[in-house]
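Read through the structure below, which is laid out as C-alpha cells, and then see the notes.
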Amino acid sequence: MTNTQVTLVQIDNYGPWTVTPEPRREVDLQTLQSRLYADLSQLVGDRGGYVFFTRFDNMIAVTNGLDMDDHAVIQESVGNRYPVSISLSVATGQSPAAALSDATERLQAAGSAQDKSRREILEGRAIESDYRTDEDVQIAHFDVIDATGEYTDQLNAFDSFIEIEQGYAALMKYMRQENDALSFFVGGDNIIATCPDLSADEYEAAIDHVTAVADVDLRVGVGIGRNAHNAGMDAKHALEHARADDTKVEFLR
Amino acid sequence: MTNTQVTLVQIDNYGPWTVTPEPRREVDLQTLQSRLYADLSQLVGDRGGYVFFTRFDNMIAVTNGLDMDDHAVIQESVGNRYPVSISLSVATGQSPAAALSDATERLQAAGSAQDKSRREILEGRAIESDYRTDEDVQIAHFDVIDATGEYTDQLNAFDSFIEIEQGYAALMKYMRQENDALSFFVGGDNIIATCPDLSADEYEAAIDHVTAVADVDLRVGVGIGRNAHNAGMDAKHALEHARADDTKVEFLR
Amino acid sequence: MTNTQVTLVQIDNYGPWTVTPEPRREVDLQTLQSRLYADLSQLVGDRGGYVFFTRFDNMIAVTNGLDMDDHAVIQESVGNRYPVSISLSVATGQSPAAALSDATERLQAAGSAQDKSRREILEGRAIESDYRTDEDVQIAHFDVIDATGEYTDQLNAFDSFIEIEQGYAALMKYMRQENDALSFFVGGDNIIATCPDLSADEYEAAIDHVTAVADVDLRVGVGIGRNAHNAGMDAKHALEHARADDTKVEFLR
Amino acid sequence: MTNTQVTLVQIDNYGPWTVTPEPRREVDLQTLQSRLYADLSQLVGDRGGYVFFTRFDNMIAVTNGLDMDDHAVIQESVGNRYPVSISLSVATGQSPAAALSDATERLQAAGSAQDKSRREILEGRAIESDYRTDEDVQIAHFDVIDATGEYTDQLNAFDSFIEIEQGYAALMKYMRQENDALSFFVGGDNIIATCPDLSADEYEAAIDHVTAVADVDLRVGVGIGRNAHNAGMDAKHALEHARADDTKVEFLR
C-alpha cells in the first residue's frame, strides 16, 4: 500500500514580483526559475526525494523521508540565496492526488499565492519514521518508443515536441482522473509519475489511451520503494528491461 | 516583415549518456538540464536572444543579433563546463517554423541525435548585420486570465496545472498549424510565442480556439523588434496594458 | 577533546585538463571552479559539514557526520554534472592538521594529482557514529576589527585587500605551526579555522602575533559541536558577542 | 601604453545582511558568494572582461570593452536574481592601481559599504570606443614551477597551500608597491595580474623577490591586447612556452 508524502512548493507572491516596478527581463526570470528548481532538486534529492518543476512558480515534490526540520532548512536556504521566498505545505495519502489536495488546501487557507503578507509558510505533517515502509512510494517512468528514430531525427524539432507534448497532455489528464496519479514531463521524451498502488493492467490501459488519443506510443518501467529515489531508480532499471525486451510495462521490486 | 533567426540547440548523444554505464540519478539529470538551460538563457540573453527549454535535450532559441562567432563561443563555453556537449544549427526565415525546419534538417544531415561520433556541430548562417531591421522579430506573450483567482487559489496544484497544460497543448498546436509560429510554456501561466507577421485578428482567433477546445481564457501582448529581447519587453508591456484595460490582444510598436 | 574528520577533495588531473588541447578560457575555468565549490558547499553542508575553497583544485572539508556512503553520493553527483571528476580522502584526528596529513598521504599513495589514470579515488574512514561526541569539532571564526571603517571605506579596494591578505597569511601560518589548526579565508574580512582543543590564551596569542607581524587587528568567536555546522553557528554567535562587548576572544558552549 | 579600465564591484551593505536578523548559515553564504562571482565572470566575460573574486564582497574587474550600458545590464541582472544588490564604479588609467583608486573614491563618496540607503550605485566612465587600442591591457599569468611535484604530491594539502599563499602574499604586495599592478590568486598555483606597461626585467625582479622572501619559484607569461580576454589568452600561451622552454618570463605579442 503506497503512502506518498507530497510537498507543494510555492514561490511567494511571484507573479506580482515579476512585473514590479516594471516587467523584469525574461532571461533573468528564466534563469532564476530554472536555478531555483535545480537547487531544490539537489536539496530534496540529497534526502531521497524528487521535485518536479511543474509550473516553476508551483512545484510538486515527493518527499518521503524528509521531516519538517528538513523542510525548514530547505526553506531557509532558499531564502538566504534568492530574491524570492518559498512556502511549503506537506501532506500524505494513499493517493498522491489526495495528498496534494490536502497540501494545497492548507496553503490556500494561509493566504493567496499573490498575498504580499503571506511569506514562508511551513505547513503540514511528515510521516513519522516508525510508520514508513518500503512500499510507500510507487514511481512510474514512461518514455516514448523510438522517439529519436520516429521524431527527433525525422520531424523538425518543434513538431517532435508537439507530439511529445500532446502525449504528455493526454497521459497527465488520464492518470489524474483515472488513477489519482501525478505525472510530470521531465525532459527529452520522459514522463515520471508518482502513483498509488497500480497494477500492470492499469498502466497498460493508460498507455493504450495515449496511443488512441494522441497517437504516441509509450512504454513504462515501475519501481516501488521507501522514498522517491529508491522507487525511481528501480523504475529506471525496469524501463531499461522494457526497452531491451521490447515490452510495454515492466515492474521491478 | 519578420525575419526570425532560429537556433536549434541539441545535446549530443544525450539519451544514451543518461543510462551509461547505468541509469544516472534523476535529480542530477534534472539539475544538469535546468542549469544548462539557465546558462544558455544568460549566454544567449546577454546578446539579445531568447532560449526556450522545450524538451531540455532539444532547445529552441531566437537568436537575431548573434552571429556564428557568438554561437561558437557559447558552444565552447558549454563544452568547458558540462559533461555533455551541444550542437547548434542556425537558420532564418519569414516564418519561425520554416526557419526551424531548415535548422533541423541541417543538423539531421550531420548525423543522428544519438550518434556517438556527431559532436559539437556548428551549422547554418546568421543574418548579415546589413540585412537586419527593427521588425525582424515578433514576440507574443500570452497569459491565462485570472489564473490565480480561477486556478491557483481554488484547485489543487496539479489540477491547476492540468488546465494550464491543456491550454498550452491546444495553443502550441494551433499556432504551429495555422500560423507557423512556435509557442513555449515559460512557467506560471505564461506562454511566449515567436511569430511571423500576424494580425490582431489572427491572435484573437487563436485565443478563441483555446477557449473552445480547452476552456482556458488567454490574453496576449505583442511586441515587434530587432531582437527577441526588444520584441519581448514590448510584448510584456503590451500584456500589462491588456491586463489593465481588460482587453484580449494588445500590440506595442 | 576534539576529533575532527577531514576530507581532502582533489579535482582529478585538473591542471593538464585546463590546457588541453590548448588553454581554456579563463572565465570558464573560474565559473567551473566556483560553481563546483558552491555545489560541494551545499552537498557537504546539507549533511552538517563545511568545505573551504582553499586552492579550488584542492579543497579541504570538515565532514564529521558524513559517512563513506555520503562521500560516494557526493562524488557521483559531481561526476554526473561536471566535465571533471573528484577524488576524496577521509581521515580523523585530534588535530585537524594530523587528520589532513593522513588524508593527503592516502591520496598521494593512490597516484599523482596529475596522473591521468587516477580517477574518482574514494579512500579513508569516517568516524563510526557510536564514537561521535558533542565536542568533536572546534570552529574559530575570526574577523578584522572595524574593517569597513579602517579599510573598505578608506583605502582603495586592493590596498584594503592587501591588509586582509597579509593578516590571513600570517594567521594561517601561525595557527598551523603552533596549533595544528587549519585556517581559511572565507570572504570579506572573515577567516574560519578548524582547530584542536585550544584555550582562550592560545587564541589571544594568535591574535597578538598577527597584530605584531601584519599590523591587522583580529577578533575571534569560538564554538564547539558535533559537526562543523553546529560548532560554526556557535562561533558566529560568539563573534557577535565579542563585537557587541568589544572583546577579542569569546567562546560559546 | 596600457589604458586599463577597472570596475570595482561591491555588494551593498553585505556585512550587516549576513548577520541580520541573526547570523546566516555559512554554507549558504559561501554558495551565494561563489555563485555571484561565477555569474559575474560570465556576464563580464561574455563581453571580453575578467573579474577577480578578491574578497567576494568587493570584487575587481578589468572591463575594457564594456560601456556603462553593459554595466547597467549586469547590475540589473544581479538585482533580478540575488537577495543582495551590487554597486559598480568604473575608472581608467595607465596604471591599474590608479584606475582602481579613482573607482574606489567615487564609490566611497557615494556612501559607506555598510550604508543601508546606498544601493545600486553606478558611477564613473568607460573608455570611448574611438580611444581604445590593441595595447590597452597587459595581463601577466604566473604559476609556481613544478607545484605538483614539489608541493601537491609531497606536502599535506594545507602545507602546499601555505607555500602558495605565502608566495601570493609576497607577489601581490610587491607588484602593487613597485609596479602599480593588481595581482589575484585564481586557483591552483595560478596568479593573474593586470599590469601597466612592464618590461621583462621588471617581471624578473618580481619573481626574484618572491623567491627571496617566500622561497617560492614563479614563472610568468605576459600578453597584451584590446581587452582582458585577448591579453589573458596570449598570457596563457606565453606561459605554455615558458613551461616548454623552461624560461621564467615570456611575452607573446
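Note that the chains take the letters A, B, C and D in the order they are written out, and that residue 1 is the start of every chain.
FYI, a contact is a pair of C-beta atoms (placed from the backbone, for glycine too) under 8 Å apart; a residue touches a chain by one contact, two chains touch by 3 or more.
Every value quoted in this text rests on a predicted model; they were computed, and no experiment measured them.
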Per the C-alpha fit, the turn needed to bring subunit B onto subunit C (nearest 5 degrees) is 180
Given over half shared residue numbers means same and under half means different, the subunit A/subunit D interface is same
Separation of the C-alpha centres, subunit A versus subunit D, in whole Å, is 43
Between subunit A and subunit B, the Cα-mean centres are separated in Å by 22
Chain-centre distance (mean CA atoms) for subunit B and subunit D, in whole Å, is 37
Going by residue number, subunit D touches two or more other chains at 25, 28-29, 31, 35, 42, 77
Subunit D contacts subunit A in the complex at 24-25, 28-29, 31-32, 35, 76-77, 79-83
The residues of subunit D that touch subunit C in their complex are 8, 10, 14-15, 18-19, 22-23, 25-31, 33-35, 37-38, 41-42, 44-45, 50-51, 53-58, 60, 97, 100-101, 103-105, 108, 112-114, 148, 152-162, 164-166, 168-169, 172-173, 176, 182, 186-189, 192, 229, 232-233, 236-237, 240
In their shared complex, subunit C is touched by residues of subunit A numbered 39, 42-43, 46-47, 73, 77
